[in-house]
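This report concerns only the one structure given below.
All chains are identified by letter, namely A, B, C and D, in their written order; residue positions are counted from 1 within each chain.
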């Protein structure tokens, strides 16, 4: 991406130790929980990580924006919590947009392709036109090697038996190794193929890296979809690490999000009607619910808990 | 916007002094120039201001994102400047998106309506459904009271003479005062009209406030359009204050922006062809330029300087 | 906004009759219900309207996009309805983004300021820098002139009595007329003030116009917030007209939206827990619910119906 | 993505013939040039295509939006062209946003990953969690198999010699075939691996498909970057096909775009200063230009033509 050469490769852990050791005074809002997280490489999957590079705002900043006030929110933490819960409950999204986070993430390409569908974010990805990718591929742990789900066309079901899992691992490892060997051969002196062409030979379990920056409202939306049980395990692994980071960053907003979004449910008009009838003592079945079989099954799962 | 009552009105200047006095250690990237600006009320027009509430990133953060690197950019400032200029010249916008700023702005409603057309930003505005607006109206300085431009259907021309200007000031002041008196009467005990209705009686020179947060790339876009000579004076006054703030925040990015965008020009294919012909010694006129009269006039303005 | 003069004012109703009379063949997806709506001025409030200028897509286009298929969705309408309901239930928003609508709207400025907060849309507004606004102001119908709500800081309560309402109408009418008279005086030959300045004297109940274009997913989001009982009546009036238009445009998507969003509710984790306990026969009160008083009141309103 | 099974595979060409044969009357704005393009598969690379699925607006719609008018733009085509050129020259982007296009694109995954970086668009991609991808891989034509550029770290230089090109083709073909064979083996009855896992073994030259919808302003931005000589050949091939489509769709807007953006250049403040000095007869060299060597080289390329 640049006209000058990249600097010599340095050891990340030394750079990170240096970054964590350095502190400067600031007049900005600070989150103690997030300061403790900054720059640490939080490992995900076999070679990936999430690292907080920077953040803006804290719980008080949400309150401050909602009030368009000069100072630092109310004086009492209880009021802040109540206001934040009110904002979350009534879908006031703009105060949450006033917090921002910048992450450095290392992740397999097939995960990156799901992630990038969240468009309200800023991204700088490591360029395989400009640089050579490292020989690092995601190889699932044996307990993650699962059969196609029978009930859900886009999910996985039971873990495969030892023989099948071993064969999958063998194929993934061998194809990764061979494709990368050929990538190197094409880039090497004998051929000298352009990097922008050679990269197309790499399978989608190779790791890439990016800087990803988004606001808290859009991050919550990402987490609601990607920390969900229906999300693919590999992206969920990243979402869960980010959930733990957010809980430290903005504990009041996180608690409201957990109660109203992650742990909450959406009832349809029909579902709400059924709940009301059931609470009045009526016997409600799929037949008299107005719902399709699929909807009724999901509804029962929700209210049966 | 909230269920709990707003806190008692406090003196902004005391709050700001308190905010500026408080410093905390942070592991985040810091901009010394921006720290010096934080929380200060930079006055604009007669009652408005721009206040930096928070920021994320600095020049090094742009370099770091462009390289997707662990550490703090290159070791040499000259390299950082060269890379930032390269990114700006070649329209690589994503590294600039990695910096973010949050402003508290007080501005007349007719300015707010122009400003909000820049959609890639986060906004929390003071709610006149929820609160009562203050009696503060923008009344232009006499030298700003100008006639409709004859050449530009959407601009202003020469300053009006003393008598005309005085009449304009009289009308603006009287209507502002009367409309606000009636606003108060409608809200008062005798009538008790809902705030969301009473506000419609207020003219568009009344001041509102908002928190406005955007990234550096989109801020540059805003500044290119709004610090331009064709922008209405009142919004340009805000843009110019923000320009000075950005120059302190990210001096290298600002210098590149000034050279390539603010001070730069876009030549059309026809314009470029004319420049090439002129440099070869050819005499080029509107007639043989391929341009319309309007375009030729603008072209001459550009290359004649 | 343009260098050439605006054409002479023509009669809208003649233009609209002409537009409605003209039909052309197209290979695009067509919605019969929307064709019937096209170009008609649907009146809103006292001088406003909503007019459909253009649209893209129909129910089948949503199905087609979800399947990334060549043709026109499934062969059976029942399957299309089931798939659309599934997409809505599981928050698959991208297929709904594949439909687009362009509206011409005439609305008071204080309504426009609420509306524009929905940022994922394209807008071209009538420019009061470039043109002179018409003398048309929103004056509420007497039954809309209501007191400030006691329970909701940002809503209205009971309709005002005859005397109070009459005084409000008098003030709104007089201030509108006087401000507009002065606007004209400032623009007139005697003074010749620039339009971009004169407009600031106009109160916010004056009407403006814009072209507003958005996709169906974002339109649904707009309607969920603005057709809601908590929205201000004046913007709700627009939202309700648009609801009727959407129901004709994409009847299957509309039915799913009505069931899952408009008529549906969001239960928090605590609320869901309470419902489950109540269905098991437990007596649940605010005290043992884990909710605050405000939340419990809202929860009772939901499940009590 | 759906709960019901996908319909049986049908022949695209039959579906397309059927779609093209069907015409319906509409009251919407029509572009004759675009009607002729609708649904046709425009081939790109070895297995890819671009197909226009739908569009909204035409040149007159841009004019109409800029004027916020009722009818169909001005009566004279010359005025429309002048206004559209004016809008383009002065960066008035919102009228161009009033046109929208929806494309069905088949493209290799490494191209899709560049494409998706343009975030202001709506996308529905064929899901490899839900469905099995076809055995179709991009294999470059021999004349596209080029060495890494020496001057540009992210570009390609000279075409490789016959022996090297043959080896590249052999590696790409073999790895594609083997990886796909193993993909099938993992999905097959003997193993039954979940599709969401098996897909990670596929190299990035495999083809995917998506529906992609964007407005004309953002499409122009995409084309300016991706139809540029610095763009990677493979995405440029798509951009050039789309350019031809846009030229038929909105010929006036296309002509303005070609003149002001595609064929135009951006001069920096320093570059403009040099041009002015040269036109006054001064001898300007890199040394007295104020530019770096890299900038001067680019500047000479521009003005030398």
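Heads up, the rule we're going with is that a contact is a pair of C-beta atoms (placed from the backbone, for glycine too) under 8 Å apart; a residue touches a chain by one contact, two chains touch by 3 or more.
Here the structure is a predicted model, which is why all the values come from computation and not from measurement.
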Interface sides of chain C and chain D: same vs different residues, half threshold: same
A-D versus B-D: which has more C-beta pairs touching? A-D
Per the centroid of Cα atoms for each chain, what is the distance between chain B and chain D, given in Å? 33
Averaging only over C-alpha atoms, locate the centres of chain A and chain D and give their separation in whole Å. 29
Residues of chain C that touch two or more other chains: which are they? 1-3, 82, 86, 94, 117, 123, 294
Interface with chain C, chain A side, in the complex: residues 82, 85-86, 89-91, 94, 117, 225, 230, 258-260, 262-272, 275-276, 278-279, 292, 294-295, 298, 302-305
Mind listing the chain D positions that touch chain C in their complex? 1-4, 6-7, 10, 12, 15-16, 18-20, 22-30, 35, 38-39, 53-57, 61, 64-72, 74-75, 79, 82-83, 86-87, 92, 94-95, 97-98, 100, 102, 104, 122-126, 209-211, 213, 215
In the complex of these two chains, what residues of chain D are touching chain A? 1-3, 108-110, 112-113, 116-117, 119-120, 123, 127, 129-130, 138, 140, 144-149, 153-157, 160, 164, 167-168, 171-172, 175, 178-179, 182, 185-187, 190-197, 199-205, 232, 294
